[in-house]
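Listed after this line are the structures, all set down as structure tokens.
Here subunit A shows up in two complexes: once beside subunit B, once beside subunit C.
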Partner chain A sequence: MTLAARDRRLGWGLLAPALIWTAAFFILPFLAMVALSFASMDGRTVVHGFDPGNYVRIFTDWTMLKALINSLEITLVVTVVSVVLAWPLAAIIAFRVPARWQRLALLLAVLPFWTSYVVRSYSWLLVLGQNGVVNKALLGLGVVAEPLQIVATRSATVIGFVHFFVMLLTLTIYANLIQLSPNYARAAQDLGANRWQVFAHVILPLTLPGVVTGAFLTFVLCIGDYITPQILGGNAELTLPQLIMLQLGRSGNFPLASALSVVLMAVVTLAYFAASRWLRLDRV
Partner chain B sequence: MAHIRLPATSLALLLMATPGLAQELNALVWCDHTDPALIEPFEQKFGVKVNLKEYEGTAAGLAILDQSRPGDWDVLVIDAVDVARAVAAGHLAELPADKLPTADFFPELVMAENNTVDGKTYAVTEKFGYNTISYDKTKVDPADMADMASLTSGKYDGRIGIYDYYLPVLGLVALGQGVNTADITADTLPALKDPLMALRKASKQVAEVVAAQTALATGEVDIVVGGGEWLTAVLAAENPNLDWTIPKQGALRWAQSIGVVAGTSQPDLALEFVNYIVSPEGQAALATSSCYWGMPANAKAGAALSDEAKAVLRWDEQPEFLARAQLYPIPDAALDTAMQDLWTEMLNQ
Partner chain C sequence: MRALSWAYLALAYAFVFLPVVVLVVFSFQDGRLPVPPLRGFTLDWYAKVLADRKLMAALVNSLLVAALSSAVALVLGFLAAHALARVRLPGSALLRGVLIAPMTVSYLIIALGLLSLFNQIGIRPSLLAAGIGHVVINLPLCFAITYAAMGDHQKNAERAARDLGAPEWKVLALVSAPMLAAPLAAAFFLSVTFSWDEFIIAFLLTRFDVTLPVEIWSMLRSGLSPATNAVGSLVFLVSVTLVILLEILVFRRSK
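Up next is the complex of A and B:
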């Protein structure tokens, strides 16, 4: 056996556990889900077969289509707002905070991750409510005459999500920023670039891998999340994960839930291909 | 002999002290059964460990049983109107009717038509209550709450929360239209769409239990349609302004049943657990569970309840309430799907 052949065998041997794991816990369940998505319901009984009816319904029933549109709209808004907030936060930590305090600053940034996601969502209910901290502050400052209705609106869902994902994005963008040599900015300035030009033409393009990686993770986690829209959104509108849960918990319509999940995965896959040029998942 | 007795005694102690080897009872339940005040007395009396798994929604509970092996589960708590569904799926074992204290129950709560299939008893009612109207009596006119029409009169627009469960709320909407819950059919359902949408338009949110409680307690909403004693009772100590009533059109009566899972390897212990839950002591603890309160099905539980608890549960008013309340709709699969589709449409309107 040649050395190359032995290396190949060793490589496959080392890869085998990961491949077996992925096949057993992702590929096979995914194929089962796809197969189930083409089944139908006869009363409360699942009838296996090849019936594209669930997919036809998803794209022709306005209630289903609207849930998909709602999910996409919320996810895009959350992703954009989170990036806009996280980039300056990461830059401040990377460039303005002294090196010895950066670890503490990052710790403070991720502190909200340490509490339960569900508890944090219910806490936002109290913060954003009619008699919550936000409305009391706005009323006290005379900014508004009547309490704003924030809870049970899309705004509440977006706020809950942004709070969570700004932390995630801060980490990925920070990881990118600290790898940038200060010489890039100095060289640009030597060549006559002003501070804005340095940012727009040098720093920002170089941080795109970190931004896109964080944005992609935000997109994936946000579009599949059930808890935040359920608790903070007050069912003011349905998102795709809420619709899936309705099929699972209430209807027992597993074929339709599977079809909706396949559509959700297809959306995530499209997002992956759209972002793949800049994706650097090794930065996570 | 001493050198033999010591290891033997040690082994016995080890067996008793090792959780994995102690006798265990596995119950698929609703959250009110997870209160230690309810479970610990049974565990101590029988020296067993009761493992509890919560589930929400009959479909989810039946799916868990479908995917389990015989013997995995011993006891099942289920919506009383869904007992026949569990029996049809082969998940409930027959109970010895003569060993159940149903003679002590409120007569309306024996619910033989629900707990019995083909003359055989498969479950026993353990707790009940009402899906009706909960409100903050300092924020709304209690007289208005006696008439469902006031909810969509415009007076309370944006101050109403709807409990996120299609069966009771569609039942309430039906009662508001003069349709009995038993008369909800594929033919009568379309007539409920406009009143349901009108209620949705007047409401601020559609929320599950904790979110609905939070909204009412924090003043986010002043009324919860579909609420009842189960929603407000746990908040009563901190917020005595929260109240509930049954409007003149009536209300829905919910009831949960408990039974022994078919295929259990310990039917006697499972039956002991069922009988403990429906005993006066078990009933009092279940009625005042930290998760949610509700009326005990066993009328003798009154002796084990405090006066304060009975006041919150409106114990003395039960005969009148029971007379005015109707059972949940029991839709067949097609009607159930149609009701859920209508509910989903309402959520996403």
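Up next is the complex of A and C:
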């Protein structure tokens, strides 16, 4: 056996466990799910077959379509608001905070990122509830006469999401900003650009990869999340993941839940292709 | 401009910390509801939580699942990264893509896929099932981190070891792994924190023995209670300790 062939056999041997695991517990389940999405329900039993009925239902039944629209709207709002809030935060940490304090400032800015996801949503429930801190403060200051209904509305879901994703995006945008050589800004200034022009035409475009990567992650994690809309938004309006969980729990309709998941997956794939031009997943 | 920056920073910190502060403060609430006004200071809720058998069992389950699934993900990810970084294989870009792919898929979809597969082949919901799911989500992470960390410097040391007659397992265990100690530790700790905090896979794939996030979820269904605040504060304490340990042990040393 030649050296190269021996090397290659060794390579496949080392790669095999990870590949087999991914094939058995990621690719195979996914294919099983796609197959199941074409099954139908007879009472409470699953009838396997090739029936596109679930997909027809998703795009004709207003409850289903509305859940998809809700998810898209919430995700887009959350992504845009989070980017707009996180960019200045990352920039201030990267450019204003002295170098030796930057790591600490960043660590602090994202510390709640590491707390339990479920608990974080619950905490916002305490903050935003009828008797919560925000309402008590607003009432005390005389800003409002009646407590605001925030929990169990879309606003609460958006606030909970934005909180989480501002932290995530601050990390990805900071990582991008800190790699920029100050020479770009200097060169632009030497060539007569004012501060606004330096920002708009030099710094901002250069951070686009970090922004797009973070925004894509935000999109994927946000649109697939069940916890935040369930705890903070309640059942007033459903998102896609909530609808999927309802199908699993209440009616045991696995085929419909699978079809909804395939639709969710398709939306994420579309987002990936939209973002892929600037996406650097390997540099997160 | 400068003052505006600091004001923005202060506001951002306030926003980021608001829910955590409220959570922790009202875990000491001397009353039945974790909302203002603060009626007094008590540690009763912590005592109650620490004496709760189900919660403590869930905590142990979570630690077990997190440690074991992260260890498996780390070994699989490290071996695969080593193979792809060292040996020229046909279609290696595609192989990397396949290994990274689970990262771009919602946990809910991974959970649902595993649930339908396990249903069909007769694996019952259990901690093992959830652990398998956690390996799926952490394997891409461990692979990506170790793959990114492998450089020429290590390549040369490994080649030297091989030339001196070391079999491949010895090269891996005595040369590659120690040289990659920092990224390996980072990948392991990150995996542990992700698994420790993961809800939807654990929720769908466990039944009688559950993990901590699932147990906390069932606490939420009985309404607001300072007991939930106390659990949340303890979880926060554990996670922050992990992050600070990681920061001190791994990143300080790697600089």
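Operating definition for what follows: the second predicted complex is superposed on the first by the 263 of 284 C-alpha atoms of A that agree within 3 Å, B and C clash if a C-alpha of one lies under 4 Å from a C-alpha of the other, contacts with A are read in each partner's own complex, and residues count from 1 in each chain.
The criterion applied here is as follows: contacts are C-beta pairs under 8 Å (C-beta built on N, C-alpha and C of every residue); 3 or more make two chains touch, one makes a residue touch a chain.
These figures come from a predicted structure and were not determined experimentally.
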Worksheet item: Putting subunit B and subunit C on the same copy of subunit A, do they fit or clash?
Response: clash
Discussion item. After the superposition on A, what does A:A152 contact: first (subunit B), second (subunit C), both or neither?
Written reply: first
Fill in: Winner by number of subunit A residues touched, once subunit B and subunit C are compared
C
Discussion item. Just to be sure I read the superposition right, which of the two partners does A:L106 touch: subunit B = first, subunit C = second, or both, or neither?
Written reply: neither
Worksheet item: Is A:I231 in contact with subunit B, with subunit C, with both, or with neither (first, second, both, neither)?
Response: both
Worksheet item: So, does A:F30 touch the first partner subunit B, the second partner subunit C, both, or neither?
Response: second
Discussion item. Which partner chains sit in contact with A:T63 here, subunit B, subunit C, both or neither? Use first/second/both/neither.
Written reply: first
Worksheet item: Is A:L248 touching the first partner subunit B, the second partner subunit C, both, or neither of them?
Response: both
Worksheet item: Of the partners subunit B and subunit C, which touch A:P17 in the superposed model: first, second, both, neither?
Response: second
Practice prompt. Figure out whether A:Y117 sits in contact with subunit B (first) or subunit C (second), or with both, or with neither.
Written response: second
Item to complete: Based on the superposed arrangement, let me know which partner A:N131 touches: subunit B (first), subunit C (second), both, or neither?
Response: both
Worksheet item: Once the two structures are fitted together, what part of subunit A is touched by subunit B and by subunit C alike?
Response: 122, 125-126, 129, 131-132, 231, 248, 254
Worksheet item: Across the complex, what residues on subunit B touch subunit A?
Response: 56-60, 62-63, 85, 158, 161, 164, 166, 204-208, 210-211, 214-215, 218-220, 332-334, 336-337, 340-341, 344-345, 347-348
Worksheet, complete the sentence: Per the touch rule, the subunit A residues reaching subunit B in their complex are 41, 43-44, 63, 66-67, 70, 122, 125-126, 129-132, 149, 151-152, 230-231, 234-238, 242-243, 246, 248-254
Worksheet entry | subunit C partner contacts - residues on subunit A that touch it in the complex | 7-8, 10-15, 17-19, 21-22, 25-30, 32-33, 36, 85, 88-89, 92-93, 96-97, 105, 107-112, 114-120, 122-127, 129, 131-133, 136, 163, 166-167, 220-221, 223-227, 231, 241, 244-245, 248, 254, 257-258, 261, 264-265, 268, 272, 281-282
Item to complete: State the interface residues of subunit C toward subunit A in the complex, per the touch definition above.
Response: 2, 5-6, 8-9, 12-13, 15-20, 22-23, 26, 33-37, 75-77, 79-80, 82-84, 86-89, 95, 98-110, 112-114, 116-117, 119-120, 132-133, 135-136, 139, 143-144, 148, 168, 193, 197, 199-200, 204, 212-213, 216-217, 220, 224, 228-229, 231-232, 235-236, 239-240, 242-243, 247
